[in-house]
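Per-chain residue numbering starts at 1, and chain names A, B, C and D are given in the order in which the chains are listed.
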Amino acid sequence: MLDVQSIRQDFPILARKVNGNPLVYLDNAATTQKPRQVIRTLVDFYQQHNANVHRGVHTLSIESTDLYEEARAKVQRFINAPVPESVIWTRNTSESINLVAYTWARANLQAGDNVVTTAMEHHSNIVPWQQLTRQACAELRYIPVDDDGLLQMDAAANLIDERTRLVAATHVSNVLGSITPIHHLTRLAHSAGAVIMVDAAQSVPHMPVDVQAIDCDFLAFSAHKMLGPTGIGVLYARPELLDAMPPFMYGGDMIIEVTYEDARWNDLPYKFEAGTPNIADAIATGAAVDYLSNLGMENVQEHERQITEYALRRIREVEAVTVFGPHDASLKGGVVSFVHGNIHPHDLGTALDRMGIAIRTGHHCAMPLVRSYGVVAAARASFYIYNTKEEVDLLVDGILEVERYFAHAGAK
Amino acid sequence: MLDVQSIRQDFPILARKVNGNPLVYLDNAATTQKPRQVIRTLVDFYQQHNANVHRGVHTLSIESTDLYEEARAKVQRFINAPVPESVIWTRNTSESINLVAYTWARANLQAGDNVVTTAMEHHSNIVPWQQLTRQACAELRYIPVDDDGLLQMDAAANLIDERTRLVAATHVSNVLGSITPIHHLTRLAHSAGAVIMVDAAQSVPHMPVDVQAIDCDFLAFSAHKMLGPTGIGVLYARPELLDAMPPFMYGGDMIIEVTYEDARWNDLPYKFEAGTPNIADAIATGAAVDYLSNLGMENVQEHERQITEYALRRIREVEAVTVFGPHDASLKGGVVSFVHGNIHPHDLGTALDRMGIAIRTGHHCAMPLVRSYGVVAAARASFYIYNTKEEVDLLVDGILEVERYFAHAGAK
Amino acid sequence: MRALSELDELYEEIILDHYRNPRNNRELDAPDLEIEADNPFCGDEIKIQLKFEDDRAAGVSVAGRGCAISQSSASLLAELSQGRTREEMKNSVTLVRRMMRGEELSDSELDDLGDLEALRGVRKYPVRIKCALLSWVALEDMLDDYPAARQQVSER
Amino acid sequence: MRALSELDELYEEIILDHYRNPRNNRELDAPDLEIEADNPFCGDEIKIQLKFEDDRAAGVSVAGRGCAISQSSASLLAELSQGRTREEMKNSVTLVRRMMRGEELSDSELDDLGDLEALRGVRKYPVRIKCALLSWVALEDMLDDYPAARQQVSER
């Protein structure tokens, strides 16, 4: 199990006060906080090694290149990718998905084909496919979600057919928390002759993920949601696919030779990394991966499961609260989304913030899903390695206090 | 003038030794070093304010959003852009150029049209246009370079014609150092009814740049070449153009509403910033801009001119050396590219590195240009605010020492 | 409760009263003007209808759903607009904007705003300002640009 | 000069000799195999030609331009390959690779490499390893995959 008290010591921001109260940070699905090991890596890089990579014979450039590629290898091992060059650095999950849409999908999708996604996707795994299928005169299909917030897999088996070229599915919903049966989806996709793209933005940070065990073709995630810096994400792809794909962005580093007439592409992974990469943040992502590996991803998952179980139990003590998604913590990641019958999420968020409690409110970048629950906004508490049951208590007590406030205020 | 000695105190890496010698960092055109003010800003952000932007009601998210938008406003003022929303954050210059190629240019270029660029571009301002013009059955034209390394503007006037839709030109060459007559190119482009995209990767960091005075339509640069972090760049564009352009990447934050069927785009600048942005590095770019503004860009330019003048004079004392580009420092930025008659740049680079001197060797991501000088590789020293004449002396003495080494070694 | 007492500034009595008991929220029969507006980020939705008689608002309806700030602001808008001319309404929009920017208003300007002054506390919560302004911006759009506004409504 | 004396390890006497006086760099008349290779990043170019007699390299030509490491390595390749069979040449490629990876070679393996042992110093300069390997990788490609290699040449 995690030693949460010693973990908390690694996160300088947790010492902060917000509106006079200790920070209770429950917005981890949006972005996580950073341990000093990650911050220190950034500082060390800029103070000791900073240089551009790949083309230099001088020492700093060699060191930068080595650190940059070492970080890639760390990510490779973290998700058990077969080779380092199957790991492409991007800005974030959104760019990783767009990269696949602009390259693999544009080259492979034809009129009459279809792309199958789910009804619980983040906008970043919806809008690129809406645009792409519209351009290609192809169809976009949504696997529906049942009342417990789980994918209807019988429907999936029908929606994925011989005209399906791509299945794009989240691994863990950022609203419902639901863990999708990703192995099952992979098998359905592959037996239909389709490839599968996994949005792992909410899974890689929170549980062991093995791309070879899942047997997925593409997988995307963001460093900022797993203790790493903003501005850096990952696209994992099977190297055979990457080899066959046209490049996405063109420019320095992604070419091996340029004449005034033409250009030859560089080897993987560089073919997909045009221009000076986000060197420092890639290296710091390596430090984030080290931090998580030291904890052990099984332990991270178990810690979150316990907190989530406790949170689900406690928050349902508040009568006016409705929780979305599975009520069984073992079926979900550390995300609890809810609405309160009498208090709008926005008012609740502002009020909890007075107490130092940070939750997210709104559509969580999953508008169609949130609206399917008959609301336009919801409140969400999401947990990570440094959160405690005491913080869950503060949240629930806080909600009750806000209830009392709105019941009495204005009636004075 | 700059107080270089006190500036050097702000750069922790300059205290470093390389192979036992003090670091002499002359690879600034590739990337610059970072002052403690920029590093400190990153640390402060992650230790005090870190949260996702734009959608949060909690204090950290509000602070992050404010800092992020404040940095945008700093960049706006730095380049005198008319409104903050004309400043789009990207990863780097290369992405900025690709954004324009994928959106404005794809929507506006037709068969038979042409794009005019120059013979002294970086690959990032060549390859996107090669691909685009090939797809559109359009023509790519190169304004030639004369023997002094300057653009042949009479040729430019002929190449830019009524079928020209876009002129894509560098402001300062990263190989020759040549400053291009960008106002002149802008007028030629506009009177032909074309738009102009300026690659300002080597100008914004080194001289005052005013996008309204230049009257350009698009302008791109990278923070990492101007004291800022890696992973963040800027596209400036006239807001009317941005409004009319389709989005580039799709996903969270760039939409205002999503249904299962369709999406509405968000306002500028967010329409072009899909997914969680590189928040921390954008904010640190603001700190880099502050640092440069405090020095004054006229002073930065004058300092570099003096160093470059001195370097041009001293390096030509080495008989076997041929310098590319203008020999008049007032016509160029702080870049001195050269070849040595008897020593391959790669061997020179390795040898200078033994003395702690970091120069760049190779094609400098401008292969067609470098090859037009009859070589496949060159050596390049490039200067910034912390470089001194003493460092130029170390470089030249170093080259002479390497000469002696290769003359004697192996002959022992 | 201590931490929340500071919220009184934001949620003044009158705000909560309008939130709980919105005024003029019954749809009009044949409105002259109508607009819908939303802020999808926080899930605020509003629909405004206006009916004129002798150039003055004879019927005003404002309905929607959302947070206490957006909904009370809309209800106050409905109350305030009754019997006003287009010019007077546009003037109030300007005043509300100025108040949200933190400008000091004169006594007569404050008079003009009436109970709306209760929204002053929102200024300290900048992310909530757009909640407060949602209905006012919609009103302005509707008054400025009737045909376009109308079309935008029907497009949804 | 003090700082540069450490370079002696990289630029061994024999390396500089081959760099200044490349062996076997005259083009062959009717080669059986030919390949061009380059490393555009540092501007190294190499062209290898081979002519066989009785399954042994009777003519070897290696020409190019580039840094001291790439060109001397190519010249050493030419010298070493004279009179060797394909299998023997491929064996040398493996040995050179293993040396660059820092593996210890047996005495008989070192014998096989002859003067090439002088390239050992490159191991300490990892970015220069690809300079040293350029011609060897090209040789291997050429031997492995003659038609494709040939085609690649003519495509340029």
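Here is the rule we use: a residue touches a chain if its C-beta (ideal position, glycine included) is under 8 Å from a C-beta of that chain, and two chains touch if they have at least 3 such contacts.
No experiment lies behind these values; they were computed from the predicted model shown.
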Counting in whole Å, what is the centre-to-centre distance of chain A and chain B, each centre being its mean C-alpha position?
31
For chain C versus chain D, what separation do you get between their C-alpha means, in angstrom?
79
Roughly how far is chain A from chain D, going centre to centre by Cα mean, in whole Å?
47
Give the residues of chain B touching no fewer than two other chains, as numbers and ranges.
19, 55-57, 257, 346, 350, 361-362, 367
Could you list which residues of chain D touch at least two other chains?
38, 40-42, 128
Is the way these chains touch best called a line, a ring, a star, complete, or other?
other
Touching pairs here come out as A-B, A-C, A-D, B-C, B-D
Which positions of chain A touch chain B when the two form their complex?
12-13, 16, 18-19, 23, 25, 27, 30-31, 33-34, 38-39, 42-43, 46-52, 55-61, 91-95, 97-98, 101-102, 119, 122-128, 130-131, 142, 222, 224, 229-233, 249-255, 257-263, 274-281, 346, 349-350, 352-353, 357-362, 365, 367-368, 371
Provide the residue numbers of chain C that touch chain B in the complex, in ascending order.
38, 40-42, 126-128
What does chain A use to touch chain D in their complex?
54-57, 62, 65, 256-257
In the complex, chain A residues that touch chain C
19-21, 344-347, 350-351, 354-355, 361-363, 367, 375-377, 401-402, 404-406, 409-412
Which part of chain D faces chain B closely enough to touch in the complex?
1, 3-4, 6-8, 10-17, 20, 38, 40-45, 65-69, 125, 128, 131
